[in-house]
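Given below, in the form of structure tokens, are the structures.
Each of the next two complexes has chain A plus one other chain: chain B in the first, chain C in the second.
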Partner chain A sequence: MRITQGTFSYLPDLSREQIAAQINYCLEQGWAVSIEYTDDPHPRNTYWEMFGMPMFDIQDAAGVMVEVDRALSEFPEYYIKVNAFDSTHGWETVRLSFIINRPGEEPGFRLDRLEAEGRTIRYSTHTYAGQNPAGARYGRGETA
Partner chain B sequence: MAETGKQHPPPAGDEARYDLAALYEASDIEAALACLNAEMIGLEPVKTRVREIAALLLVEKLRNDAGLQADPPALHMSFTGNPGTGKTTVARLMADILKKLGYVRKGHLVAVTRDDLVGEFIGHTAPKTREVIKKAMGGVLFIDEAYYLYRPENERDYGKEAIEILLQAMENNRDDLVVIFAGYEEQMERFFSSNPGLRSRVAHHIEFPDYDDQELYRIAELMLGHMQYRLSGEAEEALRDYIHRRRQQPGFANARSIRNALDRCRMRQAKRLFEQRQRSLSATELATIEAEDLLASRVFDETGENR
Partner chain C sequence: MGNQETQQSSERYRAGVLKYSQMGYWQPDYEPAETDVIALFRISPQEGVDPEEAAAAVAGESSTATWTVVWTDRLTACDRYRAKAYRVDPVPGAPDQYFAYIAYDLDLFEGGSIANLTASIIGNVFGFKPLKALRLEDMRIPVAYVKTFDGPPTGIVVERERLDKFGRPLLGATVKPKLGLSGKNYGRVVYEALRGGLDFTKDDENINSQPFMHWRERFLYCMEAVNRAQAVSGEVKGHYLNVTAATMEDMYERAEFARELGSVIIMIDLVIGYTAIQSMAKWARRNDMILHLHRAGHSTYTRQKNHGVSFRVISKWMRLAGVDHIHAGTVVGKLEGDPNSVQGFYNVLREDHNPVDLQRGLFFEQDWAGLNKVMPVASGGIHAGQMHQLLHYLGEDVVLQFGGGTIGHPMGIAAGATANRVALEAMVLARNEGRDIWNEGPDILKAAAKQCRPLEAALDTWGEITFDYTSTDTPDFVPTATAS
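Let's turn to the complex of A and B:
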């Protein structure tokens, strides 16, 4: 199941040129671009690992693409996203965030129903990938 | 028709005409070259070389449009010359020219020295150098006193690592990065001869000659003009005398020394005016530098009169 988090996630995967063009747009707006990765696809997993520091003072997308390429080669089977942070007073938040890499196979989610007191039902989202320990979730050839 | 065409194949694209003048105008580098001529006093060999490089890049662009294949021109340069001869300023103009010709995308200049590239402990250099390279991408990386990067007397010096990473970036990111190495001529010569990999990748060497007295005087005039000051008659004489004396002294850094001298001179002028604060001052007085503002300089002390 293809997870849809962030901008462009309903579109086909972005090509390298398209990623560079989006990053260029971010830099033109004066936003600081950063890269994050994770292998926990749960929607409530807001805190992904940072891949290096947020990149301030970069003028051209080629500079960010160096890090993008490093992240892709280091974590080919992880989710990787690019964030663009706007430090303008009053915003001070991420303005654009999009996934640039996802594992080859995304097993998706299961909905658990817990029957509580009376007729109450509590729901929880269970990720199949999360059954394996972190770091061994999407490795090729490894099974649950 | 087809047969005659085969017998005498016309050179590809001979019909099409390529308009160098139009490209020159469209690229707007005339403004940058005019700026080079107006703002930079003297430096004739530098101006000639910059114009040559600009012409080469312009023609190369046209050849590309005509479909003539050639390796993309090598753009990395080395600027050699004594301090204060305008290396950084010309580098900035060069970045502008390269941008207008479309050889770099952003045209900004990132000026660094050894400290910005070389780390303090093992494993610190690579990320530090990479960080600087990332910032310079799409523009020009200007490495001042580049010869400090290589210290043959210490074989564990991290400078070597920085050079290697730099070389890698110059090779892999050819379209994204132009590097300019700057420094004193002799040391740069030694630097390049001990790093043949670098030398072969640096295509353009530009030498910056020292200024003579007359050129330094014109530079001083230009600086004062920018700061909206003018010299009185005697002050002009004093300035000529000052320049002549200053260049004999140790630590003379061409235009940089002149700039510093003028800054001190402004301070003395302000002090002189402040001491006369009882009366009101005219705009001319506020803008004029008198001979005494210059003559108070330490440079004139050397004669021994005030010692």
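Let's turn to the complex of A and C:
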């Protein structure tokens, strides 16, 4: 299955040019771009690993793309996303976040049900890949 | 203390009837204080009633006055408690109508109470005989009063963080048919729409607990659908569980059950009343719940321009009362909505600070003093083929709800959802790339449809559908018709 978190997951995977165009848009808005990666794509895994700090001081998309390329080559079998952070008063949050890389195979999630009283069911979502330890979940898992 | 001129004289308080303007309710020299609540009314005086007297009457009847002089005024700091009409302007293009500006001292209102605020401002005065009609057009809520309200329990920023959804409008759909489905069949629609790509599905305003579907049945099946859809997409999903009911006790019971089942959002209808809305807002705040408000009933008093309450005022009251979502118009869909007026509502709901913007019907500067932002919801007769117009008019902090436009898709509900999601993502991508979506929108959709059969089918089915009628509720400073 294809995990559809992020702003553009229903579109075909973005090309390098398309990624750069979005980064350019973010920089024009005055947002700081950052890169995060994970091998635990649970919908409520809020804290993906940071690939370095948010790039507060990089002004051009080409500079950010250097880091994007570095992340792609270091973590080819991980989920990688680009975030844009807006520090404007009243926002102070992420304004755009899109996946730019995903593992070759995405086995998806198992839904567990615990039957409780009054027909109530407690639900719990598990990644199939999450049964393996971090760093050995997708593909060859060569990098941790 | 008080005005030393005529007010304190025995003459002023002699038993009998005075004009409202003579009683101190018309004060053209008055400078509103920073802490005053200011209301702007559109007044249509009866024949022979001059506009200043009509404005003074509105000020009087919405504050301290009764029809005759009462000596007991002299036991109070009555000068302070009197609302003051301080400005009357003719309405452009409407010879018998006037805009009356009226200022109210902050002490006239109980902190944090929409019920109290509205009992004064729209309490008795709308039935007042010397006026043919009366409309509350706008209000300035002073920061001192804003700060007595909790506002939206979640707000746009935190809602997005909780859902992990950024940079694009959210997508929803109302389950159809709105009445008659059993719980099990209803949940099927929810599951299909969410797994196809929507973020939310929604109960309709009149889905409560009817013979065909008891509320618990609905909640249980909907949460099964939500959890299944989360597992097949890896995304957080939600269904607005409508907890509207006959009593607060019933509503609390339903809200508690929604919480127990792990729902991220509940829903109420405007018809439950301002106090009930504020109670549910406090409950939502205590329970980390997003609170969705359907504006059921509002058109009975918001739509006609000469009488009632403008929806921009309702928007302000609801931001203070504390809802996270509110239906606020689509511009292009099947329901009333002039583009400028609707953008005015959206600005009231979403901005930190509203400047005066007469073209959008905003008469006052409004500082929201850090109150959370409300996510507007665009719902009613919209479809994927309008995506560029929706993004252009409404921006990205909005929930776009395609009910018929999802469920009526020729390839099924999930395909309908996918069509909407692909159209949306393609349009946001193109906009961010710097393309002119207003003009290139149809081409962008066609290109996206080449790689998405459901979008192609949606465009074939609805591409040409528009609701091109002239709006009733338009701003007075730019006459416009609804664009298609």
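Rule of thumb we're sticking to: the second predicted complex is superposed on the first by the 139 of 144 C-alpha atoms of A that agree within 3 Å, B and C clash if a C-alpha of one lies under 4 Å from a C-alpha of the other, contacts with A are read in each partner's own complex, and residues count from 1 in each chain.
One rule holds for everything that comes next: a contact is a pair of C-beta atoms (placed from the backbone, for glycine too) under 8 Å apart; a residue touches a chain by one contact, two chains touch by 3 or more.
Worth saying up front: this structure is predicted, and the values here are computed from it rather than measured.
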item	value
Fit or clash - chain C, chain B, common chain A	fit
Contacts of A:Thr93 with chain B and chain C, given as first, second, both or neither	second
Which of chain B and chain C A:Met1 touches, first, second, both or neither	second
First (chain B), second (chain C), both or neither touched by A:Leu11	second
Between chain B and chain C, more extensive residue contact with chain A	C
Which of chain B and chain C A:Ala136 touches, first, second, both or neither	neither
Contacts of A:Asp60 with chain B and chain C, given as first, second, both or neither	first
Touching partner for A:Met50 - first (chain B), second (chain C), both, neither	neither
Chain B and chain C, minimum CA distance [Å, superposed model]	16
Residues of chain A touching chain B in the complex	55, 57-64, 66-67
Contacting residues of chain C [partner chain A, same complex]	157, 160-161, 164, 166-168, 197, 216, 220, 223-224, 227-228, 230-236, 260-262, 352, 370, 373, 418, 421-422, 425-426, 428-429, 432-434, 448, 451
Chain C partner contacts - residues on chain A that touch it in the complex	1, 3-5, 7-12, 18, 21-22, 25, 41-44, 46, 83-84, 89-98, 108-111, 119-123, 125
Residue ranges of chain B touching chain A (in the complex, touch as defined)	105-106, 108, 130, 133-139, 173, 175-177
